[in-house]
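Pasting the structures here.
First chain A sits with chain B, and in the next complex the same chain sits with chain C.
Presenting the complex of A and B:
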């Protein structure tokens, strides 16, 4: 009897280990193959120069650049990949391969970029600063999504809040001739939409996805109507004062880093601050503990006297405020006026960033940067006249998101109770 | 602190859940609150913990009247609930789970004082011998430890009245003994404990006083020394109950179900069934006993075709069913009474009639060429309702509006409406009243005597001992031992349920 049990146990442990090792070997082989492909690409590319330049102090001023060859970039990327692949196959399941991707990915991005540029000089300050600015609305939207979902509410109405915020912000700023007033009105409108979603989902227990879809479609309809019937005839209502970039004294004087990080819009600085602030609030404070409990297991929160419904309303209002703010960025900072459908799906990209970032503010910011980067690269390519179909570049972040969500890079798990209506006993 | 509930009445639409119930518990005393499902225990405790408000009656703590409008007030009054379904956040660690709702904070942002909370958790855990790792994640802890975390939660809030709702339902006999030790330690320190259960043996062992509830009223209050299992059982159900099912000796014939070296993974891809071999013959009842979560669910799902097995062999009536669909398995003559009738047994929002033909809607006489034959379907359903004494206003009644016992009868009626060679019944009497339990057991014995092979999976020792001809005890995905039903004792099965010696 004991020997039978013993044999079964050995079998099952061996099974788990064998599967782990097999998976590690397959991963190792794939990574190493990627490396071989890199070395293959390096052949004959050593005569093509790859030059990346950075503005030293300000846009259009003196530049500092690094020059190497495309072949060299491929050689480095390929060699590192072969080493990583070999280690993975050799060491087995214990090898921290996820972390190693953070080294591999940038190397390959640089090599591919060099190959596409084919000898042209690329200014990376523009690309990086552009990525940051493009990441602003996506990050704010993702933070709104994180707040809602961590409290237990699915929030797919971020797109609608962007549109409403953008439209209301532009009109309010035009009327009052004050950009700040525009921002405030956009935030309030975002909160109103957030409150409506919460009211439908909590008070009336409407399916949160359907409520979100309804709000998105409603927002498109209303803002289109306002644009076509009101703003088109009264253009003075859609010429808001805009929010311009601000150079931070001293810090913006740091070579290379200054023009990159410290010469952005106030939105950028605010977004960075909110990312840090919300990370702290979610994971280090009583408010965060209770919010997360409401989204993971509301009944557990309720039995210790926490008012789950109040927490969810609060989270939805805050989420609405952040999404409304992001909307005002679109019309008051990046475009300078409201346009029909100007959110262009960014509210949904924000949802992808929520998942990619594992419901974590810092992670979501990283994901938003990736989306921003691919956008910025695309505009760099078109400026330099490199012939790459923009659709191809645009689709890269989504493919990466699918891979991440499908669980190849690790199991990301959202709040357990998100989307489930909660009835207080 | 002395707690008294006086004349508590609570009415729900159509049900008088609590009818002038009065109970009391003294400082340092253990009150056993005994009652069947539906006797009103849970409603009473929800009133005590501030989740429900009573229609009339009052709660006295230390002689003063208290009214609870929400759970917070009950907690502040010193009442700590340990719910039957643990109220813990799976992704939190122990410190966070314990402190949730009673956090100490610093600074204007309300920073959670984790270090201080951790110190208190460690201190309380040591003081009461709870042995809980403060930094472990809840989802990684075994159920026995999770329960101790729940107790820690109450102690952390300085509760001096602790309410344990069916605390042993998920525990092994050994873990239950540990729990009793912890309870005695707590009462020695002056805590009052209300121990809610439907298990007679446990109240007799742990309680200082026992109050029995029956259909929303107090049936009696007794001292363990002055009573017996039989008296308690009678108080609980209101008449003399037969703890044994009347049945003749089994006449086992050929093997109908043969399970050989089966490995099955659960939904989280953990090995749940780790090499089980089992045979069930025509004309015998084999019960798989064990604490919930030791692989029984996965084993049953594998047998009826709902889960693919990793390796091994399952043969039913001579046919290898490893890759067979659930419908193919049913067509072989397998009746399946699933463990969760509202999830897997019935479609809650459909009618009795529709539920009755779920297994046969696709063939004559109930349908042809994709068209249902309303008259034949209705006739069959009417017949089933009559044969199985299902109490329903009509066959057009929505299944979820029936009582639990009648829902189960609908499932059994459907499954027994085809020729049966093998019955796989998982927790066939869970949550049912005594009358329905007897009825289901009688029907199972009838099927046995008609020559079917019966496999029952049950976590209730009483049920296993009452109906089984042979008892296979599962522990940690394996059969820990097989006993003859006639000679098996409660103790012998209990030891195997905990993994043997």
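Presenting the complex of A and C:
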């Protein structure tokens, strides 16, 4: 009897392995085809120069640049793809193809960028610095999403918190004539909204998706209303002092890295710090373990004495604070005043970054950088007068997210209990 | 007693929710009335009275904007001048015009909620339906008109259905959460429309705005009344017909029963032999199709030209609307009429008193909140829970 079961299992495993191999071969063939396409694109592109320049210390100062040809870029990218594709098809399922994408993707991005620029010089320090700045609100929003979802609360209200934070921050800063006060008020308002979301979802057991929709619609309504009815006529309420960039002494003098990482706004430094801090807190502390337990299996967490409700309220308050802070960044740092609908979907891109980053702070930061990069490339293109339909680049974050959620390229799994109401037994 | 139980009680909660939301909205109107509040230190009582008077003015403008001036309607009764008649009935027909797309999107949301999937993507399905219809009209512009209209409606419906089917398929096959995918698809749809409206084929010659060529000169949904400035077209009738069809489908057909069963308890439905994945895909495609048809009728009936802001939040309002309606088609029609009246009336309120229309979005959010959390309303009005099934929401 056991031998029959054993044989059946062996057959089954053989089946799974065979499928894995087949999938690997298909994947390998697709990657290799991409490589051939790259080589094909290389023909005749060797006479087009591709120059990427990097400012060393400041915009417009001394620069260091790499000059090659578009053909060369395609040649390198194509050859690497063919090698990777061959290895994938040959080695089979064990080949670390996901990791190899991290090498392939930048090569292809560089080649495509070179082809689009068509001989024009691209200032990459500007692009990278722009990506970082654009990544700040998305990262903060994504961290808010991670905190809530890891604790078991689905949070689609990040967009609403952005708007409320931006509006309240601008008004408070204008009245008190202090940007810091504006930031504080934005954080507090974000926390209030976060608390409301938690209160609806936990105390009243309102479906968390509906609660999120309510808050988004309400936030759009109330901020538009306040803007049109109050701020439009009383402009003194919407001329806040802004938060300026601060150069960190010594460190900002490092070539390339200095102007990138150490000459930004305090928001940038804070965001980088929070990414590291939250990674540590979530995965290395007792608090983090309890938070994650509440999001994975609240009933099990409760049996070992964790106060799930309390953990969730706490996480939602913290998430609200981060999202409110991101909102204040929009009105107090990047724009300098509150405008209607100024979050422009960034809250949902943050949601995308949560998923793309697999509910992990570092991953979310990486995703936010990628989305920021596609934004920065777009503004570079429009500055250089390259005609690329912006809609295509704009759709990238959304399409990528769908692909990731659907598990077409590397499935990610969110916290098991996110979105499910929990009643203390 | 049974009438009380079966009709008045279920309607009582939504009505109280709407009423309470308006009271809270009024409070916001009062505290943002800066001009008036400036007098508060000197004359508190007068300020409060003036503030209340302003709120009264705003709401009466809203009612007149949505339903018309009674005196004018009375005069029109005995008049045969089409201009007089049109002037009298214009507000109410505009309310119906505004509620037509809301009925479609509300039904779309309701059908997905009934199946237990959250279609947040109705907004995208709506505009892509309109876009599909626009392309169809321009491609087949030489086809005889009645045929062209039907063709455009079919293609518009299919475009919306496709955009709804994608997240349904992904949910059924890979488990991708439909809330995430539909939110993302909303943005992709918006970008697609912007991208499409750049093409020489769709945009008016020499235009840089995201609008299409004028479609109403090629084909348009026939008007119900041949009166000047009355825009009410047969799209509204179609909306009502759809509500009846959807109601029949959900509550009387086998497929509809399966959808509801899947929405009620997916595992149990599966155990009973219902194809749960198929139900989800079907519900999402139907939902998207309804939204797409709504978009088609909006672009070919009311507006007559595609633009990127064709939908002023019809898809998002629909979520509030479906919840308010308890996901019942009849309720959707009633709620859509209410929201349509708010939109049209809010327009006049904005013109007359300068109070931004956006107040209504805030009020809507409050309405959903109160409907979704009935305990809130109960505690405000000190209502007692009667018995287990007495006041239960849904």
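Basically, the second predicted complex is superposed on the first by the 416 of 425 C-alpha atoms of A that agree within 3 Å, B and C clash if a C-alpha of one lies under 4 Å from a C-alpha of the other, contacts with A are read in each partner's own complex, and residues count from 1 in each chain.
FYI, a contact is a pair of C-beta atoms (placed from the backbone, for glycine too) under 8 Å apart; a residue touches a chain by one contact, two chains touch by 3 or more.
Note that the structure is predicted; figures quoted are calculated from it, not measured.
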Practice problem: For A:389, decide between first (touching chain B), second (touching chain C), both and neither. | Solution: second
Practice problem: For A:144, decide between first (touching chain B), second (touching chain C), both and neither. | Solution: neither
Quiz item: Of the two partner chains, chain B (first) and chain C (second), which one does A:172 touch, if any: first, second, both, or neither?
Solution: neither
Exercise. State whether chain B or chain C is in contact with more residues of chain A in the superposed arrangement.
Key: C
Quiz item: A:42 contacts which: chain B (first), chain C (second), both, neither?
Solution: neither
Practice problem: Could you tell me if A:367 is touching chain B, chain C, both of them or neither one (first, second, both, neither)? | Solution: neither
Practice problem: Examine A:135 and indicate which partner it touches, taking first as chain B and second as chain C; both and neither are also allowed. | Solution: neither
Quiz item: So which bits of chain A does chain B touch that chain C touches too?
Solution: none
Quiz item: Which positions of chain A touch chain B when the two form their complex?
Solution: 4-5, 8-9, 11-12, 15-16, 280-281, 284-290, 292-293, 296-297, 299-306, 413, 416, 425
Quiz item: Tell me, which parts of chain B touch chain A in their complex?
Solution: 46, 49, 51-52, 70-72, 75, 81, 83, 87-92, 96-97, 99-103, 105, 109-112, 153, 263, 271, 274-275, 478
Quiz item: Which residues, counting only chain C, touch chain A once they are in their complex?
Solution: 28, 32, 34, 118, 120, 170, 174-177, 179-181, 183-185, 187-188, 191-192, 194-195, 198, 316, 319-320, 323, 354-356, 358-366, 368-369, 372-373, 375-376
Quiz item: Within the complex, which stretch of chain A touches chain C?
Solution: 154, 156, 200, 204, 206-207, 209-211, 213-215, 217-218, 220-222, 224-226, 228-230, 233-234, 345, 348, 351-352, 355, 389, 391-392, 394-395, 398-399, 401-402, 405-408, 411, 414
